[in-house]
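Here you go, one structure.
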Amino acid sequence: MRHEVLFSGFGGQGIILSAVILGRAAAIYDRKYAVQTQVYGPEARGGASMSAVVIDDEQILYPEVSNPDTYVIMSQPGYDKYGAGARDDAFVIYDKDLVFSKPSCRNLPVPATQTAKELTGRTIVANIIMLGAVVRSSGIVSEEAIRKAVLDSVPKGTEDLNLKALNAGFELGAKDSQ
Amino acid sequence: MRHEVLFSGFGGQGIILSAVILGRAAAIYDRKYAVQTQVYGPEARGGASMSAVVIDDEQILYPEVSNPDTYVIMSQPGYDKYGAGARDDAFVIYDKDLVFSKPSCRNLPVPATQTAKELTGRTIVANIIMLGAVVRSSGIVSEEAIRKAVLDSVPKGTEDLNLKALNAGFELGAKDSQ
Amino acid sequence: MPSVSEWYRADRMPHIFCTGCGNGTVLNCTLQAASDMGWEIDDTVFVSGIGCSSRASGYTAADSLHTTHGRALAFATGVKMAHPEFNVVVFTGDGDLSAIGGNHFIHACRRNIDMTVICMNNMIYGMTGGQGSPCTPRGAFSTTTPYGAQEPTFDLAELAVAAGANYVSRWTTYHVKQLTDSIKTGMETPGLSFIETMSQCPTSYGRKNKLRQPLDMIEYLRDHSILISKKRRLEAEGKVIPDTTFAVGEFVRRSRPVMGLKR
Amino acid sequence: MPSVSEWYRADRMPHIFCTGCGNGTVLNCTLQAASDMGWEIDDTVFVSGIGCSSRASGYTAADSLHTTHGRALAFATGVKMAHPEFNVVVFTGDGDLSAIGGNHFIHACRRNIDMTVICMNNMIYGMTGGQGSPCTPRGAFSTTTPYGAQEPTFDLAELAVAAGANYVSRWTTYHVKQLTDSIKTGMETPGLSFIETMSQCPTSYGRKNKLRQPLDMIEYLRDHSILISKKRRLEAEGKVIPDTTFAVGEFVRRSRPVMGLKR
Amino acid sequence: MKLIIDESRCKGCNLCTLVCPYKIFREGSRLNEKGIVVPEFNGPERCTNCRLQKLYGRRLCGMCQLTCPDQAIKWVEEERFEDMKVVIEY
Amino acid sequence: MKLIIDESRCKGCNLCTLVCPYKIFREGSRLNEKGIVVPEFNGPERCTNCRLQKLYGRRLCGMCQLTCPDQAIKWVEEERFEDMKVVIEY
Amino acid sequence: MQGNIACAEGALAAGCRFFGGYPITPSTEVAEHMAKMMPKVGGVFIQMEDEIASISSIIGASWTGVKAMTATSGPGFSLMMENIGYAAITETPIVIINVQRGGPSTGQPTMSAQGDMMQCRFGSHGDFSIIALTPSTVQEMYELTVKAFNLAEEFRCPVFLMSDETIGHMRERIEIPDSVDVVNRKELEKGKLPYETDADNPVPGFPTFGHGHRVHVTGLTHDARGYPDTTNHKTHSDLVRRLVGKVESKRHEIADYDIAGTDAEIVFLTYGPATRTVRQIMKDSPDLKIGHINLRIVWPFPENVLKEFPNAKVFIVPEMNMGQIGREVARHTPVKVVYLPKLGGDMHTPQDLMEAYDREKALIGGGN
Amino acid sequence: MQGNIACAEGALAAGCRFFGGYPITPSTEVAEHMAKMMPKVGGVFIQMEDEIASISSIIGASWTGVKAMTATSGPGFSLMMENIGYAAITETPIVIINVQRGGPSTGQPTMSAQGDMMQCRFGSHGDFSIIALTPSTVQEMYELTVKAFNLAEEFRCPVFLMSDETIGHMRERIEIPDSVDVVNRKELEKGKLPYETDADNPVPGFPTFGHGHRVHVTGLTHDARGYPDTTNHKTHSDLVRRLVGKVESKRHEIADYDIAGTDAEIVFLTYGPATRTVRQIMKDSPDLKIGHINLRIVWPFPENVLKEFPNAKVFIVPEMNMGQIGREVARHTPVKVVYLPKLGGDMHTPQDLMEAYDREKALIGGGN
């Protein structure tokens, strides 16, 4: 079955890294097929950033997301551009500190940036919190796989910080989505 | 009637300038059509240099010389490459200090370099001597035209020197060609 | 005489520079100097190459030419030689100016064309995500110097002096007042004025070199700069100056022959 | 150890240089120095760009790379970095090196790559028939400066110093012994050695500047050179040195960090 | 005159907290709509520029404005009634 | 040893006439096959290098050879019988 | 007058007042003549440090409202490729003279060739379009240079005079008219956005620097205001289609050619020197049925011209390259295309063409 | 693994031991990975001052016998044009990676495109030929990079991996084989001249520097000894014909493609990303009669592949450019060619292709 997950937010929030980690979890640790793609502005920050992962049991031909079933949104412009058009049976998970619209489909607001700030004093791990939340609430990859993929992908010395964030995300994801 | 005149010698002898002057004499002062072309090595000196003028009463379409009727040759390699293949009714005029072969067609050996050295202490005007000689002995352009064209083309301050050389050339050209 | 705020292109703000990027500061100082000069906006042309720093031209209200990578000075030469009445200011980065653009840099200095060149030297390629530049300090990390930079670095100000520019100075984004004054002096000096600003790129340089916070980076710049007069004195005294420091101040102010002067 | 005559590529002689062209002299001095160094021909690579001077590489018996205009140093960087065991010598002209090739020049100096760069500075573009170069003296005539050159000129040796080369000297084709010794010192010095030779182009430079005879030109070079030690002394004394003279001698010999050293 | 930080431009770099000689900026704590923590004022009345600019008819300091990379710091005219609060500290 | 000018290479620049400290080259007068006037020797026996090179086992001067841009100047072994002619002048 | 000098004179007549160049055989005489003339007409001649700087300088100059050009040959042309694209996307009117010599690389610096014909169309990255003119006489060196400037102004794109060593160094008499038709810079109307266009007017007015337009010019994909807009698919697609379309859609109006012998079965298509040779054989053998297309503008390629030869059984395309414009002919016609490459520096001789003619004649069969 | 990383890994597996480059989006990851890996395998990574220097350095390195490559994108690619010709005429094996982005000029730096396909073939002055490979998967980024090195050694010419942002930045799982087939430098036999060739062996052996060949390498037209011979027509003509012929005459052996649905009337010809889309619609609509040609090597163009589709009524060529390889198709077939440009950064969607299919189907008429 083909899953299409779309991440969107500001440049600098780690939107691309999130997708990379999810793709890695699926491809390497869950042994599925996964293709990760992205769109980003030339500017490192400030601009809108979008990345996506397609996960499938079969080989993936057309690699772009055309109709995502899962959205991870971390900015209002990102929501307006992508999340707002989500199909009815999609699942939208968003940072409630940064997205103020309310999706009509199934959704889960997560206080990721706030939690990151509280947890670590820095907002930089908000994306990992979102990842934890989306994995727990969608089951798109196994939690073991995402944990390993996070550990693979983050800079040396920040493993603990990121695992803490991931676990916080798992917990936030556990809360029933609306 | 189409005339094809081919000049050849070492780079640095003024082979191209000779053709330019002849062409200018024909086109500007004799009001004929003339096209001047050339082949030269990348090196300023030492290499072989070839230039040509086509003179015609009608507009000149194909501009290259294909079968020259007049040759002005100032080096042995130039002779070997071009002069040696002259057609039987061609006229070959050559610097006898620098060309040691004997053409079989009508020809005129001219001690141009030697004369230049004697006349001016420098060999640099040898080409103008050759020009004088070829004009006098072939009548391809008028002597008035060539005189004006020489004056047009040489650096300021060297006019007298060059006219002297041209006149010397006229005299050498007067001698019967063989 | 336009006020300084008129020199900004309001409909393009906010700009794309990252949080704490020094480019915005250099832009401020430059426009302040232009305003202090009493220049007219319509007599002024900003030219730049490609890079984060080179985006600065687009945030000025004047006519501006955002060119190709490294070529700003060659384009600016065309602008200024064709129309010497313009005030021409060039924004460039260390990569744009000294890597791909090095040749135009030394030739513009040699020709001593009457314009003001402002280099935001953040010691890295910011726009492309943090590769080493000819100005990356030895030992510093970047995505193309994963084991610490090994190549010797340029001293851009010294190069400009040797190449022939009439006015050469270096400051940092911490020294906003001195920088503004220096840019103004450059604008006043006939011939090519080269003002190098050591500037922070927290995103690309800071991240790789434990200076992730803008504050850390600007403090680094402040703490590693040494007045050129002091440096020369110490050198004359035979003292060793750590090679992580860089001289700031005026390197040269002179009046060699100039091209492109206003008629 | 090959004798000096073995260093010439016999089957290509005579070369294409004009009567009295200084390039042949510089070639002699270089090959003499290589021979004095005791180098092996097969361990040596000559690299050059495009121009009369750049043809010199083809008259050496060693492997040689006659590249594109201005790029010799970039190619040489590849050769030397890929295979540091080679002795790499670069022949270049003032146009090749300092006009189109200026960027590779300053970067090779900055990197301080262990090679010997010999510039035959004839103050003109010889190969293309005598256009002005960045080294054409102000006021001198050429086909592109029909009213006398107006642009300020480069001091290539000073530029090499500012860019970072470990060894920099300048001589003329009149100073064949000093030149040979200097090239040898350059070859011995680790890092980039830049030896600038003021050289005569009677055909293109001489013809336009009343120095048509090779003898006139070489005498001009002799008479306009001044030892750098003397020049510095005079300068220190506040004496004015006519700007038609140029300093000869050793500009710098130092031991900054080097790239591409033999392993 | 009064100093303001334009929240729509500030990116939260905190450089202003470093450069102000009167230390009138301090790190903020509140996340704004863009997820940015904008600095807060800490005794802004100490700023000579705010208070004396009009009096002297020229800019007295302006380090924060010149430094702010995001053109977020500006002086605006004050409401009349604030005139009373002038306090200068050194 | 004996100095020769290789006529097939000499282009007649006359630089050798300038650089030789013993002035053993002088401008020639004869035009050769290529239209070039090759310099002539003028008391070549004065050249220390010709005479003493073998004795000292090394090059003594060689300015002309190093300067000749056309690699036209060379030392060759002399015929035996010329041994007698050694004359050194200063 | 020499071809290269005629070119420089044409430029001056067209109003060129800025020349930025770098010497290279066989185009150098253009620069040298400009160096001599520019001070006399109050223009600027500057010898830049290389060809990249040369084209940069003329683009910069053009934005000040001045007509500007450069001249080069193969190696220098290759170096200009990046900024040719910049001129295209910023829609800067510039003229580039390429006096072609033998390539690839340094190749044959002093010999003639036409090896850069595809390069002038496709040598820079990305899609856009350009105009390329091809003189076959010294007179045309003059006239087509004037025309190049006019087209540059009209279409706001890089315009190339793709000449060659043969014509560039050829000397023949030319007639210089007392005055020439000149198209001048069309200034942007006040109130319009710098890159505001519509279907009927795909070429925007020019916001000259210093005239108060306060324009931002960028090589990034930009919107009608000229502001970067680099991730919007439509902005980019619209821009590129317009850059290509403004030239390509007008290709039959831009077209400049002569045709002869439209009822022939054997048709020569030429540009540059070979045009002269075809005319020579047509003159020498007036009885032969020879069709001839002489293109004075090769890009955009005016493919409709091929339809003027309804009986054509073969198009013979003599080029001083391995067959570059011949490819374009082949793309547009089902008729057989014979490539007639000539390499090494010589132009096609009458014999070359007659042999090709005879060969094709024999294949076609039938009477004359 | 990311496409660009797969490319770098492929290069290392093929034996690349010298990388000279300059950063540019979206190819930078290739350089960054090389910076990390080269020290580990005893190779050299050097970041040069620009792209001209980058390609210069790898040509220099190649002459020392080392396999060398560079990686770039549009603007940097344009700057390499002059020295691509130099590599061609000196017959230097080098590999150039171009991860294409939206042009012209700085254009869309972060968006995908295929706008440099004609440029890689014709972007340098003069005539010569090259080989260009086009991956459509991350796996192929690896495999075709290996192949690029092998072809460079075999044909001694510049070989291009013409990828794009889509594939370069795409991440998918790949299988890295334990070992790959590698072609090594074929040293010149002692006693042979450096450029001595004959009809059967148009590619001379390589006279590696330092191996005693004492070769003179020049970008001038040269004879079999490698010595400049720049005014001899035959030397030049023979050299250029050999440079072109050694690749073009082998084009059907070099060819690397897949075909499907050879009996179809509607045939898609693709390379790069669109290959995936065609496969997607073929998978989604197995009942439709769709022909498909996927080219892994576009240059030299293997025109015989078109003949594998005897029923073809139309070739649809979806490209992320204005139709570049489509031109080549049109040149070789009388069958209708439909250009399907997609600009702005997105690859063709299944809908794009289905619409084109339906449109053509309707025009052709008849049942399925």
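Letters are used for the chains, namely A, B, C, D, E, F, G and H, taken in the order the chains are written, and counting of residues starts over at 1 for each.
Everything that follows uses one rule, which is that a residue touches a chain if its C-beta (ideal position, glycine included) is under 8 Å from a C-beta of that chain, and two chains touch if they have at least 3 such contacts.
Note that the coordinates shown come from a computational prediction; the quantities given were computed from them, not determined experimentally.
Engineer: To get from subunit E to subunit H along touching chains, fewest steps?
Structural biologist: The fewest steps needed to get from subunit E to subunit H is 2.
Engineer: Among all the other chains, which ones are in touch with both subunit A and subunit F?
Structural biologist: Chains in contact with subunit A as well as subunit F: not a single one.
Engineer: Between B-F and C-G, which chain pair is linked by the larger number of C-beta contacts?
Structural biologist: Looking at B-F and C-G side by side, C-G shows more C-beta contacts.
Engineer: Taking the mean of the C-alpha atoms as each chain's centre, how many Å separate subunit A from subunit H?
Structural biologist: Computed value for the inter-centroid distance: 36 Å.
Engineer: Distance between subunit B and subunit E based on Cα centroids, please, to the nearest Å.
Structural biologist: Once rounded, the distance between the two centres reads 86 Å.
Engineer: From the C-alpha centre of subunit C to that of subunit F, how far is it in Å?
Structural biologist: 59
Engineer: Going by the touch rule set out above, which residues of subunit C reach two or more other chains?
Structural biologist: If we look for residues of subunit C contacting two or more partner chains, we find 14, 17-19, 50, 68, 100, 102-103, 107, 127, 129, 134.
Engineer: List, in ascending order, every residue of subunit G touching at least 2 other chains.
Structural biologist: Those would be 25, 49-50, 52, 75, 82, 86, 105-106, 109-111, 218-220, 230-231, 345-346.
Engineer: In subunit B, which residues are in touch with two or more of the other chains?
Structural biologist: 39-42, 45-47
Engineer: Which stretch or stretches of subunit F touch subunit B in the complex?
Structural biologist: 11, 31, 33-35, 37
Engineer: Spell out the residues on subunit G that touch subunit D in their complex, using ranges where they run on.
Structural biologist: By the definition above, subunit G touches subunit D via 22-25, 28, 31-32, 35-36, 39, 45, 47, 49-51, 75, 105-106.
Engineer: Can you list the residues on subunit H that touch subunit D in the complex?
Structural biologist: The contact residues of subunit H facing subunit D are 17-18, 20, 44, 46, 48-50, 52-53, 56-66, 68, 82-83, 86, 207, 209-220, 227-228.
Engineer: Once bound in the complex, which stretches of subunit D touch subunit H?
Structural biologist: 9, 12, 41-43, 45, 47, 50, 57-58, 61-68, 71, 74-83, 85-86, 103-104, 107
Engineer: Okay, in this complex, where on subunit D does subunit G touch?
Structural biologist: 50, 68-70, 99-100, 102, 125, 127-129, 131-132, 134, 143-147
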